[in-house]
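Some structures are shown below for you to check.
There are two complexes below, and they share chain A, which is joined by chain B in the first and by chain C in the second.
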Partner chain A sequence: MKRIYLDHNATTSVHPEVLDAMLPFLKEDFGNPSSIHWAGRNPKKAIDKAREQVAYLFNCDVSEIIFTSCGSEGDNLAIKGTVEAKKDKGSHIITTKVEHPAVLNTCKYLEKTGFEVTYLDVDSYGMIDIEQVKSSITPKTILISIMFANNETGVIFPVEEIGKIAKGRNIVFHTDAVQAAGKIPFNVKKLNIDIAVISGHKLYAPKGIGATYLKRGVRLTPLIHGGHHERNRRAGTENVAGIAAIGKACEIAVRDMKDESERLAVLRDRLHKGLAEKIPHVKLNGHPEKRLPNTLNLSFEFVEGESLLLNLDMKGVAASSGSACTSGSLEPSHVLVAMGIPHEVSHGSLRFSLGKDNTAEDIDYVIDVLPPIVERMRSMSPLYEASTGKAANISFAADNCKH
Partner chain B sequence: MRLQQARQQILVLLQIIVNIETEVIMYSEKVMEHFSNPRNVGELENPDGTGMVGNPACGDIMKLTIKVSNDVITDVKFKTFGCGAAIATSSMVTELVKGKHLVEAETISNQTVAEALDGLPPVKMHCSNLAADALHAAIEDYKKKIEK
Partner chain C sequence: MSGGVDSSTAAALLKEQGYDVIGISMKLWDYPDDINRFGGCCTLDDINDARRVADKLDIPFYVVNMEDVFSKEVVDYFVSAYLKGETPNPCLKCNQILKFETLLKKAVELEADYLATGHYARIVYNDLSKRYKLLKGVDKDKDQSYFLFTMTQEQMSKIMFPLGSLAKSDVRVHARRFGLKIAEKKESQDICFVSGSQYHDFIAKMTGVYENSGDIVDRDGNLLGKHSGLYKYTIGQRKGIGIAAGKPQYVVDIDAKNNRLVVGSRYDAFSDGLIARDINWISMVSPELQMDVESKIRYRHKGVKSVVKPIGEGRAEVEFFSPECAVTPGQAVVFYKGEEVTGGGWIERRL
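After this line comes the complex of A and B, so read on.
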């Protein structure tokens, strides 16, 4: 059976060049980079090189890179580390309703410890209002944490404008750039970003490695105390193989980004067009233009996302959904809900996120197999009238979703 | 001897824990079979009873229609908007109930349906296991109609 992977915003495969770059440090070059003897030398060199490669992606100095274990650690370090270091200056944080749980739940935790958090709204495109960012600032605001691009819809936020706002007011600006890294260029200096977080496994490095840009001069209290690793900002013996991997992955990302993002945008639009032509009642979730080149989030009305995913899986196609049924909760995706999309339409959402191994042939295969699946599921749906091709005229008791 | 027994018990417990962990994301073969080839899909014309439960906003809604003759459910069809578990339980309940006396049909619970499918992932037990409720609603509707 064909296997087509369209879930690159969840995770990516390890690039063969990345694997080659990391393997020596799982074999002969096993040493501790802090050791002064022969075994430590190659690992130390590898970390120095990787730091340059990652700094090149961010366009920052090597001293401004901290290696972490993942995106969630990076976000926790950025948010908790900043408020801990600046708590004598204020107690207010601004973020959005559509952040990754690594940011949202960290903010919710801080609310319990006495910090005040403003969660910015998004419009029906999933876009924030820059005026609301400004008007939410109070004399107590110490941190703005707004993602670079949304993982579910791919919507790209106006980071440059937020950077200007934060800079003029001496507020730390953190951005979760996990989805943006490797897909669109970003220059932390030009954008006035103070802290930016990336994760290896979203850009063809393995899981278990991340990197955080911390602008020189911005104070941060570490999450992990211990040895003098990462200039006292993150203790723990370095994950040398992972660091070599994320370094190589960043190098490749910068090298291939322009061509690859153009190629993926063409494929993504081909998928969108192909499906919309064959399937009625399909809606795009997200901004039509201000969007990552690889991400397509569509709602298929009158059907539920998990059953679509299971059917696609049987055809070898891997994607994801914002339906509650895939998350184990009763609420659909918080991102789609924040955009004001009706719950039942959110339940019918599918996210296709493309990546380096996808071809036009893969896309055409999905355009072939998905329409009959949607048609079959709709024929089973009490919400759809197959004879008219419209919504069924049914009424149901209001339910608070607590069965 | 006692030590051996204790060891055995721990192993069984561990097995249960492992099963629960993996079950969260895994459907049984039977669920997948019913999901892929659902029985009795559709809507009966002039049904004797109709049951509708759930809410699309919550991700699941089921509509069950029945034909009743001499207190026996002679035919049944379902339409469901929902996840794999919702569709499989709908299909299974139609299979369980066809040809059954109303009294017998009324004893079928959501638990019965889940067991007939070799179990559901724990997270699905509450949110997507409504098929027996739809059946009971349809029987209720039938009874109301004949009372009139």
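After this line comes the complex of A and C, so read on.
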């Protein structure tokens, strides 16, 4: 069976060059980088090199990089670490309704411990209003946490403007850049970002490694106490292979970004156009332009996204409805709900997120297999028939009402 | 696939017989804020068990989210039935709506030809009547045909019960033969969405009413004591009524309208028959006049000889040959002729 992977916002394969870069540290270069003897030397060097590679992606200094285990840890460290360090200055956090659960649920947890959180709205494109950011700031505001790009819709937020707002007011600005990293360029200095979080497995490194940019001078209380690793900001013996991997992945991302993002945008738009031509009642969720080049979130009205996913899977196509971290939950995507998209429509949403191995042939295959699936689902849906003016099959119900 | 031995073995047997099998688990209920809960039915652990079985059998496996439908059709029904003074049967509703409507629809959406479950019952096609017949499972102790009386001909044409001709002990033997780790897993007994057997607390929590006391009276209306909420009682109940009387007292009526619990002697708990609603006939479109059947008035009931007579509007009157104890509104009455389920309905009131 054909296997087409269109779920790169959930995770990516490990790039072959990344795998090569990490393997020595799972074999001969096994030493502990903190050791003073020969076994620690290569691992130590590898971490230094990776720190440079990651710092290059962020455009920051090597001392401003903290390696973590994942994006969720990075977000937890950024948010809990900041409010803990600044709790004598205030107790108010500003974030959005469309953050990843790693941010949303951390904020919800902090609400229970006495912090106050403002969750910013988004418009029907999934975009925040910069005026609302400003008007939400109070004298107690200590942290603004707003994602760089949304994982479900790919919408890119006005990070630079938020950075300016936060900077003038001595508020820490954290951005979850997990989806943006490697897909669009970003320069933490130019954007006035204080903390930015990335995750290895979204940019062709393996799972279990992340990196956080922490601007020099910004105070943070660590989550994990222990040894003097990562300048006392994150204890625990370094995941050397993972660190080497994320370093290499960042280097490749910077190297290939321009060509790759152009290529993916073309493929993504081909997919959008191809499906919209063949399937009626398809809606784009998200902003048509201010969007990651690889992400396409579509609603197929009158069908359930879940059923589409299962049927696509049986044809070998991996896509997603909403984020992988929330699938299996009852609620429709909190992102689409926040955008004001009606339940029926958000229910039928699918996210296609493209990546380095996707070809035009893959896209055309999906354009071939998906329309008949949607048509079949719709033929089974009484809602669809009613909406298109065809007589819905309601004879069953009518029989019961004859008396 | 619930993660239990029955549905797991059903899947394994079908795979062995050469069917192209897809495993599906239903996610029915979110157990919020209780990360320490284990066991019960349909928990994350059970879904993981089902997934491991599917891996072992090398079949595709999906978890489908049916929390919405379950909450509306089973949990809300469960709570409101108690508030109406009835004793609900959530497993029956779950079969009727979740499995044989919603899940069957999912199966059809996946272009599956059949939906198979681990029920102990049999479906056979009768060439003469051109209808599908529902028969008891061969294992009389495990027979689950009682829970299946709502099935339509259309549904039965698409449903398979691979365990219908097997004894439970044989099913475990098969499970071991297939090397399924769940072969020795215990049966689920409780109401899956209520932890432990504390449905009282559950209803109080769902309705927000923790105390709704009313009178306990005898059949003549004499006040005998106070009850703390009608939903804590079921017809025929003797223990825990909370009144001191010379002789044993049984719940004989739950009068929700007046918030009264009526108790009486054991004799008072017997009925000569019942009225049932929403009757579904399986072996025929509908009997013309009346029919001799064996009626089961609850799952573990041994059955009573009766005459059933349609009285219009989907209702039927059932007359027992000899009085039966604890006819309970909200439970189902299912009609049998020998091995065959002729139909059934929901008990509305006793006669």
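Everything that follows uses one rule, which is that the second predicted complex is superposed on the first by the 380 of 403 C-alpha atoms of A that agree within 3 Å, B and C clash if a C-alpha of one lies under 4 Å from a C-alpha of the other, contacts with A are read in each partner's own complex, and residues count from 1 in each chain.
Simple rule for what comes next: contacts are C-beta pairs under 8 Å (C-beta built on N, C-alpha and C of every residue); 3 or more make two chains touch, one makes a residue touch a chain.
None of the values given here were measured: they were computed from a predicted structure.
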item	value
Partner chain(s) touched by A:E344 [first = chain B, second = chain C, both, neither]	first
Partner chain(s) touched by A:V14 [first = chain B, second = chain C, both, neither]	neither
Touched partner set for A:L310, first chain B, second chain C, both or neither	both
Chain B versus chain C as contact partner of A:A39, first or second or both or neither	neither
Partner chain(s) touched by A:F302 [first = chain B, second = chain C, both, neither]	first
Touching partner for A:S379 - first (chain B), second (chain C), both, neither	first
Touched chain A residues, chain B compared with chain C	B
Touched partner set for A:V369, first chain B, second chain C, both or neither	neither
Chain B/chain C common contact set on chain A	306-307, 310, 314, 328, 330, 380, 403
Residue ranges of chain A touching chain C (in the complex, touch as defined)	306-307, 310-311, 313-314, 328-330, 376-377, 380, 403
Residue numbers on chain C that touch chain A, as the complex places them	27, 30, 60, 62-65, 67-68, 105-106, 108-111, 313
Interfacial residue positions of chain A with respect to chain B in the complex	302-307, 310, 314, 323-326, 328, 330, 332, 342-344, 347, 379-383, 394, 396-399, 401, 403
Touching residues (chain side chain B, partner chain A) in the complex	24, 27, 32, 35-36, 38, 41, 52, 54-63, 79-87, 123-124, 126-128, 130
